[in-house]
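Once you've had a glance at the structure underneath, I'll fire off some questions.
The chains carry the letters A, B, C and D, assigned in the order they are written, with residues numbered from 1 in each.
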Amino acid sequence: MTEPRMTLRGWTLPQTPTGNAALLPAPPWHYSGEIIALDFTADPDAVAGLVPPGFTPTGDGSCSFVFCDWSSAAEEDQRIKDDPAKGQYKEAYAVVHGEYAGKRAGRVPFIWVDSDLSLVRGLIQGFPKKLGEIHMTRPVELGHGGSHKAPGERFRAHVSAMGRRLIDVRVTIDEDRPKTYPKGVAAPLVHTRLWPRIGSDEPAVLELSRGTIEGFQVGTVWHGAASMEVGSSEHEEVELLAPTAVGDGWVLSMAFSVTGGTVEPLAATS
Amino acid sequence: MTEPRMTLRGWTLPQTPTGNAALLPAPPWHYSGEIIALDFTADPDAVAGLVPPGFTPTGDGSCSFVFCDWSSAAEEDQRIKDDPAKGQYKEAYAVVHGEYAGKRAGRVPFIWVDSDLSLVRGLIQGFPKKLGEIHMTRPVELGHGGSHKAPGERFRAHVSAMGRRLIDVRVTIDEDRPKTYPKGVAAPLVHTRLWPRIGSDEPAVLELSRGTIEGFQVGTVWHGAASMEVGSSEHEEVELLAPTAVGDGWVLSMAFSVTGGTVEPLAATS
Amino acid sequence: MTEPRMTLRGWTLPQTPTGNAALLPAPPWHYSGEIIALDFTADPDAVAGLVPPGFTPTGDGSCSFVFCDWSSAAEEDQRIKDDPAKGQYKEAYAVVHGEYAGKRAGRVPFIWVDSDLSLVRGLIQGFPKKLGEIHMTRPVELGHGGSHKAPGERFRAHVSAMGRRLIDVRVTIDEDRPKTYPKGVAAPLVHTRLWPRIGSDEPAVLELSRGTIEGFQVGTVWHGAASMEVGSSEHEEVELLAPTAVGDGWVLSMAFSVTGGTVEPLAATS
Amino acid sequence: MTEPRMTLRGWTLPQTPTGNAALLPAPPWHYSGEIIALDFTADPDAVAGLVPPGFTPTGDGSCSFVFCDWSSAAEEDQRIKDDPAKGQYKEAYAVVHGEYAGKRAGRVPFIWVDSDLSLVRGLIQGFPKKLGEIHMTRPVELGHGGSHKAPGERFRAHVSAMGRRLIDVRVTIDEDRPKTYPKGVAAPLVHTRLWPRIGSDEPAVLELSRGTIEGFQVGTVWHGAASMEVGSSEHEEVELLAPTAVGDGWVLSMAFSVTGGTVEPLAATS
């Protein structure tokens, strides 16, 4: 005799009959954030070691480091936008600049976030996320307690993990830059989706992938001189990103949606 | 013979020869913040039990609950504004409305913050601070990841301590209110400075006090319907604030400076 | 011409030429922990809704809830044992008791941990992990500051997530129980490994799995009366585990190794 | 007519009619903990700059650094022992060794803890506490997941604040040392109780003080070679403790009670 049984539902674990306990739903996902970023160059050989076959770095070690204070939402789960404990988080990541499939592209070798939603949502996309403690100067509208988005004002962002400061960035705003898209946030990213399998030498998932981005917009882009400190941790390899030169710094608002993703062909290496 | 010795310096502990390790310097302190607040009434007897002699509650149990995302700075220590890990923090507090010395005043019976700087700076002023975990909807400028400061948008803020949700507030913006100062943030506060002495039944410090506030300003004040959930914890008495009615909700930017403080006469109770 | 390129290494992301930045290596993994647990029954229909096809609950809603203060190590990465920030973490999980493939088995419908290493290591195995804030009475050896492992002593453990208390457990030790293996920790677990694929309705990975456990041992097992409080959160469904009866409580040390894992056949549902 | 009014109660803020919301009650307080410590010497001039008038350092820069995983209780408030979220915390502190009033004494120039109860309880006593993130190897009883209290086993402890690693200590156990009291934990401490007053150049409280300790006991004392790393932070002056030599390391259980305290005469400086 057939015993009726409820189906387990949920795009991610945990699964239940309703699916309401799952950590997150499928895209579309919406993002609105405040950004502090800078461009820099690192040792070209070190940078070349951090990208997958098929991705060609620019050759001069061109990178960006980006901090984001995100508000995020999911089309299929109103609870994420409604609860700031669930939908809001901070993120810090490096971008290596180069080309993939003949077009300008970026690669994120390292990234830290401060929520489980973002950690797992990132790993599913191929972002190599770990947890970190991230602090960013929050622009203020009034008074003298913080920095305004205005010339002469100083912004700072840093990320630590396991109690070790990894990256510390400072930007002093010089001017606004109409119609500018800083390359640190504008490069289409190529990720490696990797999910190991226990009891096998072969991963369960190993593929290059890209997110499908829609509705990308930036607000007023503020620009200025920047500096960068790279720390050290026995659990990380951020020394690979030690700057050989530091370029422009950026402070801006940004928004976009991730509506899906694609699996990319793994280019031959010869 | 007199042995030369360096003097220990620091407005607070720890003290060193330079004073550079002290947790914080004396005022002036500057504050810039984003506020989510609501007005409510609680049981008038419960409210009357939370105020000191000399402070007369309004009689109808009138209170506000205020969440603040603060950026703070200190005139004498540039490091506080320069490091978001040091100067930025979140705060959640109740205000009882009433009169003191014949003028409108507020009393903060409960307050939680998420940094040591703010905890100790508050205790020195007489704010009864404990640590808590605070989340607030951060207004966004672009896109669909979060809530904008605009009619129809929903804001939420909640505070938990020791893993127990204490207060959870929701506001849906209806309109802006030019030139409005929500009473939750506009009431001059009367505090009890209390510092115990070990080995004595008498405290080392016990006095009523007020901060000297300068440069108070608010930005556009957004207004709307609000709701409030009051939780429970064996370490708190927030049930005393269970709402009998919930009034207006508010979303705004605010700034001011604390330039000093005064000790107030303890009014007779008869 | 073939361009030599370094291979990206790492059992998990992030991958680098050395593999040293990966969040964790493959098994074997070793675990040593302090446990506070209790047995309880919940609504049998609710419990039946939380298990996968092929797993038959006991029918009386028999469950356990287990808190663990873990020290963990990995054979291939000495850094995990050497750094308490990396290898140590706390865990809280429910176990549904039943049968799978004709043998006694357990199913973990909900689990929270407080480190990224444990979160991702768990998801790879099929544990439905989220982050939570976990506190457990740590047994003391001397003095009156805490509870000793001895008759009459009280232990407590609780887990919260997003600032909401989910489960709160109390155990008062009555006696030790030689050669007892509490069922909450002794049941072989059957997991669902689920990894979604963006841009597809089919998950990238969906399979039942079991860990290969070696060297399982328990220390002196302390036993006593227990109680359990189940909270509520809009992000969880812990109400499904509301106890209809609460049984024995347990306090013990435990250790084992995970040396691998197997994929299990998905039993027919009819 | 006299209006009856409830008295505000509470040894600390917040005060309420019951006193049940206060952060902590008066002593007696009981402590049971696991300790990882080491002895070292720092620059004698730097050390001399960290002690108050009347305290004479040993002259050779003799110091200890101590990490404690505390369980704590208060005679007048059972909730502290009963809730691990309230009574348990970690602590990291330096001790300068010397003499005060003709007897061996210690001075704590820097200390970090990870709970508000401990932060404020410490400040009341004169410990110069700040918040920090502290991790310590937790000794295990079974298996291979962690370190046992046994020869050859490695222990580690570190403290970070504002995302900067401040002190990192490693001890490899060599042997047990019967009837040994490591000087880092055995020195009677002399504190400066300092509580500032806003609106005055004179502090509200400034006095030397000592705790009244009863029931001090240590368990088996494990001993071995140690090493120490001192970091840097713009908010701290831990560089003053840069080791000129590192001595013995210690792993032990410890317990005591604080039953009161005394105010000490401020010795003349000439």
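Basically, contacts are C-beta pairs under 8 Å (C-beta built on N, C-alpha and C of every residue); 3 or more make two chains touch, one makes a residue touch a chain.
Not measured: the values here are computed from a predicted model.
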Homomeric contact chain A-chain D: same or different residue positions, threshold half: same
Between A-C and B-C, which chain pair is linked by the larger number of C-beta contacts? A-C
Chain at maximum distance from chain C, centres defined as averaged CA atoms: B
Between chain A and chain C, centroid-to-centroid distance (C-alpha), Å: 29
Taking each chain's mean CA coordinate, chain B and chain C are separated, in whole Å, by 40
For chain B, what residues touch not just one other chain but two or more? 83, 85, 135, 158, 163
In their complex, what parts of chain B are in touch with chain A? 30-33, 69-73, 81-85, 87-88, 135-138, 140-147, 154, 156-158, 215, 217-219, 253-257
For the chain C and chain A complex, residues of the former touching the latter: 2-3, 5-6, 8, 10-18, 20-21, 23, 26-27, 48-50, 52-53, 79, 83, 85-86, 109-111, 115-116, 119-120, 123-131, 162-163, 192-199, 204-205, 209, 211-212, 234-237, 240, 260-263, 269-270
In their shared complex, chain B is touched by residues of chain C numbered 133, 135, 158-160, 162-165
